[in-house]
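Chain lettering (A, B, C and D) follows the sequence in which the chains are written, and residue indices restart at 1 in each chain.
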Amino acid sequence: MSTSFDPKDPNYAERVSNSFKRQKVMATLNAKLESVAPGEVEISFPYHEDFTQQHGFIHAGISSTILDSACGYAAFSLMPADAAVLSIEFKTNLLSPAKGEKFIAKATVIKPGKTITVTEAKLFAVSGESIKLIASMNGTMMAVFDRPAITQ
Amino acid sequence: MSTSFDPKDPNYAERVSNSFKRQKVMATLNAKLESVAPGEVEISFPYHEDFTQQHGFIHAGISSTILDSACGYAAFSLMPADAAVLSIEFKTNLLSPAKGEKFIAKATVIKPGKTITVTEAKLFAVSGESIKLIASMNGTMMAVFDRPAITQ
Amino acid sequence: MSTSFDPKDPNYAERVSNSFKRQKVMATLNAKLESVAPGEVEISFPYHEDFTQQHGFIHAGISSTILDSACGYAAFSLMPADAAVLSIEFKTNLLSPAKGEKFIAKATVIKPGKTITVTEAKLFAVSGESIKLIASMNGTMMAVFDRPAITQ
Amino acid sequence: MSTSFDPKDPNYAERVSNSFKRQKVMATLNAKLESVAPGEVEISFPYHEDFTQQHGFIHAGISSTILDSACGYAAFSLMPADAAVLSIEFKTNLLSPAKGEKFIAKATVIKPGKTITVTEAKLFAVSGESIKLIASMNGTMMAVFDRPAITQ
């Protein structure tokens, strides 16, 4: 995947992958880092009833967990090698019930910055051949430097 | 807890409690419905490393899961007996790292409506005697009627 | 401009244009309805110091005014002939200072619905040959029927 | 008005007032800075049809203009004397039509920070003795230092 962004750290993909592995919630959700490109990240996860709301759909907060990680790592892929990334805020719109065999979040940076990076993401439900847009996120990420508790 | 809202359904608390029990993700997170009043709901959950991001804090999406359920049930408590509730959208602001022994979300309706109900919530981290505001949510909920797949 | 949406009302463009003319704030801002297609609307407005914040840039709320009208009319273009449109909520991200000769907002529906329509928009600053993304919006619009005070 | 915040600059009120006077859009809207306390600001403005949408209500973007300035100055009141303030993002919920004789926005800091300050605001419509909540905002503000184009 080629994008219009120029990464500050040539090892961006490995850095994203290593940080993703340290997010224990990703393992809990059986999430998979599908692709990493400068400013673009895709993460998938399968349906599991452990993460459902009262109607048997995936809970909006779980969808947001995957969307936020995708947004955070899209931003992180463009940050310098010594930065850590934190979410400042995000907004999720729930467009359709989250039902399907698996789900894939696609996140893109729309404005990189030294401190603040703004991202957008879409979540798709996959069922057999069908793929359907079910949620969107708009999130603001911050590069953090030299905070002992907040590493990569 | 007494609030300024007048519930349309006198059995609102039981209805919220029953729906909460059907949210399997609440059991997965060991979440507890702490209180229900007209337009106000509190939900707590303990820290567990299964739900953490790369720095060992609770993932922002997991915080959003609890905040969204609290907002949804605050709205649901004011809806008529035959309504189901869906989240249209929410925004989460992450104010401080989500570290602590347990967390408690407090949600309030700020504008009830026939179709649309607007809510706000705060998430607090509790560690011993200390209690700290760590996240806020603003969410829009919709009352849904007569959709076979979407029950209470 | 051809889009993937099928308008419910064949006179959607005239209906949008007539409603736009009734928004007095659009005349106050010297805003112009540049284009209307099913689910897509563009509105431009020139820089004027009457609408600036303390640094001489267009105020973020004025940018939001144009973005919200573009989102609202993108949603309205897909609604049936007897619907009125109201904004439920929107989020604006300010990406760069709003300086330029003129500004153009481009809004698109990402999920149409009977009651709720979700939209996205981008605001660009134009200065000579240069065009720059300066703000984004994500907004939720509602179709309203049979409310006497709320006509088209 | 006494608040729980401790301003870094004892001249915070004068600094806010001076910056407010430089926002030309505030004069255009006939807006008035009603009060300034550490982390809390109130701004009012009268109804005028120049700022209305198609139903004769104040446009949601104009409401957002006042809410955003109130949030920005609430944040600014807690910043050091050499900081400028910029809005990163805000979300507005429209709770009821903006009709009334005048409107008053009340903004409060919920989390001050060295770089990022998070705020909340409510907008009320005043008509005679009646006062009604009509909109809410949640906004993220940034302290900016040493950028020549961005002064106080």
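Everything that follows uses one rule, which is that contacts are C-beta pairs under 8 Å (C-beta built on N, C-alpha and C of every residue); 3 or more make two chains touch, one makes a residue touch a chain.
Keep in mind that this is a model prediction, so the values were computed, not measured.
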item	value
A-C or C-D - the one linked by more C-beta pairs in contact	C-D
Most distant chain from subunit B by Cα centroid	C
Whole-Å gap between the CA centroids of subunit B and subunit C	32
Distance between the centres, which are taken as Cα means, of subunit D and subunit C, whole angstrom	23
Chain centre separation in whole Å, for subunit C relative to subunit A (CA means)	28
Junction residues of subunit B, two or more chains touched	88-89, 91, 93, 118, 140
Sites on subunit D touched by subunit B in the complex	91, 93, 95-96, 110-111, 118, 120, 133, 136, 138, 140
Partner subunit D, residues of subunit C touching it in the complex	19-20, 22-25, 28, 49-55, 59-69, 84, 86-94, 97, 149-152
Contact set on subunit B toward subunit C in their complex	88-89, 91, 115-116, 118, 140, 142
